[in-house]
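Please go over the structures that come below.
In the two assemblies presented below, chain A is common to both, partnered first by chain B and then by chain C.
So, the complex of A and B:
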């Protein structure tokens, strides 16, 4: 019994320290974004010698949105002789194939790839196949529901002039922000994630995350590194770590803003979150040790890299912590440490620590000039609880995947736009 | 019992209190819009001048009845004032020669012909010259548009942008504001700005390394360079050719006979001294820095210079 109580208490201490690290990270990023030196992106480099670009758009039953993104890509100001667009029709059963063929007939630089039959479904598999036929030196990826501005391909592609850049990431903005409570909360969450989190990472030369859409990568490097792992659902996170572990970096373009469609119903959001967590945790299992042992990463990059890897495991750990505290309570062993200093720590945590993510999102909203949205912040408390449940389930999925080596099926996020 | 009810009520109110602003916002919906993204936006170095002149041209085209203000006695020749609808409705002063007596002008001023500025002037709004412009006396303007060539022979300070369709020559001190656009920019006096774009920007008439016959020993570097720290490239003893781009996190100091055929980008400052050439004639290349860009002595670039702080050029 004594050993059990010791372990339960030790876990509580470990959890508190881990959460404390995340709190420090939140504050550090927020203060850096608000007051620190801002690293310059490459958008001001004007150069006539642009790289050849292949834009890949994975699509599975995207008849509602396919025309919108293709029209915007056709209108892009990128020189057409250096551009090809490869919409990847991944086992669609609706009109996606017909729509893509219509566009291919009209525009010679649109070359659709149709995947049917025994080919395994999923974004990572679709990208692997498209990479085999893509001619561009640079690959830019958009999800089918995105609405890229005219100059965005140029803004993203110019980063690859810097030989250290392996991938680039733009900023995602939900276009249906005002639809309902969920989309409003997702909108402000995205603000925090990009305006503060990603920009601060880029400023501090830490692990800027490639997000798999509104972004791109250097084709030769990705091919050299073996493409995307078909067993991992979050090919973007995997690529981020692959690149950093091989000495490349990910550039963040806060100016490259692009509208997306955020999930409008809680079930769709739950499935999306669970899929992200499942994929992200698989990446964690695969890259946790290599990140620690890497000789290419600096100490702070390792710290940030590990915290980022564990981010989708954090809710599960908090959930375990809740169970742990209940057990300790009923065992009458709640006293873990007793000193005035510890009491001060608890008070400080309750006063400041719990507000760290809110502080980050609030700062992002102020930077975006969306001050009214700050009032929605308290409601994020309920979203956090929702997130804890579904990311924890995603973590469990990832553990089962790892043990059973079962086949992973891609689940597409539902579209809500009217065609 | 009433105490219990009171306590429960108080507890509920306190629990509910933090969510009150959220619930108000949720129902009032004061800001439900996504952050605005201009899908048409693209990077154009002549954006300000071009947009301004388009607005002015449209306003003149749409003008149906001219409203002429009463002449003021201070003018040697009478200017014509028209009320035009630019971004808002405002008076615009039109002159067909340079004899503007008033030293401070509050309205937008348009000179319809070649103009030489002999007196001291302060233009609080945009200054437009539909011809060539020569500044022979101190002048301050918010922005400057010149249809032909522009020669600055006396100190000039522009707060926002300068757009010259022809050649811009600065022979005196000039603070050209945030953005400068011209077909060609010849800097022959101490000049500052934040951004400048031209087919050719130079600080000297003498032939530099890209126009010389380099038959001697030359250091050739090929490829694009990414540097974590700072970099110094010296071409004083032997000319250096860099056939590629330079991207560095620290400061970049380049001096002497150095020809960089690609771009130079720094997260810090850039110093370009005594004979540096950037780019290739006929192509656009850039020098971009988060910090200051300092140009000293002979220098030439084909394309674009951009500093988040300031570009200072002293020939």
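So, the complex of A and C:
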């Protein structure tokens, strides 16, 4: 019994230290973003010799949103002779195929790719197939619900003038933020994640994350690195690590804001969170050791890279911490555990929102000039247990995937927009 | 000559005001004021907490003694503080009570995890957590009733420890988060008011909570004790603390909106 109690206490100490490390990291990011010198993006580079670009838009049953994104991409000011748009129809059973064909007939630079039959479904598989036919030097990816502004392709593509840039990422802003409590909470989470977290990592030359949409990558590099792993649902996180481990960097364009449709329904959000966690944790299993051993990464990049890899494991560790606390309670170790009750305080602190502490999101809102949105901060409490449950389930999925090597099925996020 | 002077004037009039766009703006920052605020807020409020800690628990003990009948008074030594408490005798649940709680919590867990559950996922998530805590608690009291390691005195001590922790932790956490804003002389009093409000609320809420918990242990049973710490403990403290933080942030952004060019600047 003594050994069990010792192990339970040791786990609590480990968890407390780990969470404290995350708090320090987020605090440092917040200070850097709010007051530090910001790293310039490439938006001021003027060059007529723009790279050729292929815009890939993976779609599975996207009849509600397909026309919106295609209209906006057609209106893009990027030179049409250097642009091709490849909407990837991935096993759609609704009107997506007809819509794409309609646009392809009208605009010669729209070349849809239809995937049916035995071809495996999923964004990573769709991108792999599209890469085989894409002619652009630079690949820009948008999810089908995104609404890119006119000048955005140029803003993103210009970063590739720098040969060290392997990928680029823009800022995601929910268009339906005012719809309900969930979309409002996701909106402020996105503020924290992009306005502070991503920009600070870019400033500090740490691991800026490529997010798989409103972003792009250098085609030759990705082909050279073997494309996307079909067993991993978060191809974006995987690409981030592949690039950094091979000496490339990801540029962050805070100026390149693009509207997305945030999930309006908690069921859709639960599925999305679980999928992200499953994919992200698979990336963690694959890249944890290579990150430690890498000769291309600096010490601080390794530290940040490892903490970023473990971010979707954090809620599972917190879940174990809650079980641990309950066990200690009933084993009569509460007097010692009572100091661990502060852990609950720190749990909440670290798990409000999408694992970013409240002050990071709060500071992002001040930087954004948002006023009433700050009152939503305490309401992130609603997400606390929700995030722990669905992210932990994603972690368990990833462990089972790893052990059983089972086939992974992609689950698309439901759209809520009226066609 | 006149026209040469007029040109820049016209140009200036016609030039649009270019605000600091949000992608590249930073907040004006005074590191000395930041350190001053941080040290001042932490030191002053920690000293206040330390100064009033014994008195707070003495008053709480007096109130609890008056409200809760048959309570006895004791004290707990924490560092060099003698913290007083009054607590009535608690009651262990009967086997029948524990079994009912076990049945209800099991059924609610089964329902919440089943496909028949139509409740919103975030509400379900909280209900799952609450049911789980009660499931573990009732399971323990059904099978290990005789081994329950706590008395009401232990509860009072644990509560004192928890509440003291909240008092000590709140100024540090809020001061670290709010001292970032250093662009106006108003920031310091605004931040100080926020911490003061949080501590005041914590004192009142913490006191009320203690009395409700003690009443529950006396009139209901110890089966609720885990819920007191794991559901209605520091998690609730965190919520009102963040609420006061967001109120302060709102006031801060009001300041920014009025004179945004004074407080924002380009970060390049």
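The working rule: the second predicted complex is superposed on the first by the 396 of 419 C-alpha atoms of A that agree within 3 Å, B and C clash if a C-alpha of one lies under 4 Å from a C-alpha of the other, contacts with A are read in each partner's own complex, and residues count from 1 in each chain.
Throughout what follows, contacts are C-beta pairs under 8 Å (C-beta built on N, C-alpha and C of every residue); 3 or more make two chains touch, one makes a residue touch a chain.
None of the values given here were measured: they were computed from a predicted structure.
Q: Report for A:150: first if it touches chain B alone, second if chain C alone, otherwise both or neither.
A: first
Q: Given the touch rule stated above, what does A:258 touch, chain B (first), chain C (second), both, or neither?
A: First partner only, chain B.
Q: Under the stated touch criterion, which partner chain does A:284 make contact with: chain B (first), chain C (second), both, or neither?
A: Neither partner.
Q: Which touches a greater number of chain A residues, chain B or chain C?
A: Counting contacted residues of chain A, the larger count belongs to C.
Q: First (chain B), second (chain C), both or neither: which does A:266 touch?
A: second
Q: Give one of first, second, both or neither to describe whether A:359 is in contact with chain B, with chain C, with both, or with none.
A: second
Q: Where does A:329 make contact in the superposed view: on chain B (first), on chain C (second), on both, or on neither?
A: The answer is second: A:329 touches chain C but not chain B.
Q: Which partner does A:100 reach: the first (chain B), the second (chain C), both, or neither?
A: Touch partners of A:100: none, neither chain B nor chain C.
Q: Please indicate which partner A:83 is in contact with in the superposed arrangement: first for chain B, second for chain C, both, or neither.
A: It touches nothing on chain B or chain C.
Q: Would you tell me the residues on chain A in contact with chain B in one complex that are also in contact with chain C in the other?
A: Shared contact residues on chain A: 37, 40, 257, 368-372, 375-378.
Q: Touching chain A in the complex: which residues of chain C?
A: The contact residues of chain C facing chain A are 21-27, 29, 120-122, 125-126, 128-129, 133, 136, 140, 144, 149-150, 154, 157-158, 161-162, 165-166, 169, 173, 176-177, 180-181, 226, 229-230, 233-235, 237-240, 242-243, 245-247, 249-250, 252-254, 256-257, 260, 267-268.
Q: Mind pulling up the chain A residues that touch chain B in the complex?
A: Interface residues on the chain A side: 37, 39-40, 42-49, 72, 77, 147, 149-151, 154-155, 161-165, 173-178, 181, 184, 187, 191, 205, 257-259, 368-373, 375-379.
Q: Given the complex with chain C, which residues does chain A contribute to the contact?
A: 27, 30-31, 33-38, 40, 171, 182, 195, 254-255, 257, 266-267, 269-270, 322, 325-326, 329-332, 334-335, 338-339, 341-342, 344-345, 348-349, 352, 358-359, 362-363, 365-372, 374-378, 380-386, 388-390
Q: Considering only the defined contacts, which chain B positions touch chain A in the complex?
A: On the chain B side, the touching residues are 18-19, 21-22, 24-26, 29-35, 37-43, 45, 195, 197, 223-226, 245, 247, 249, 262-263, 265, 267, 283-286, 288, 290, 303-304, 306, 308.
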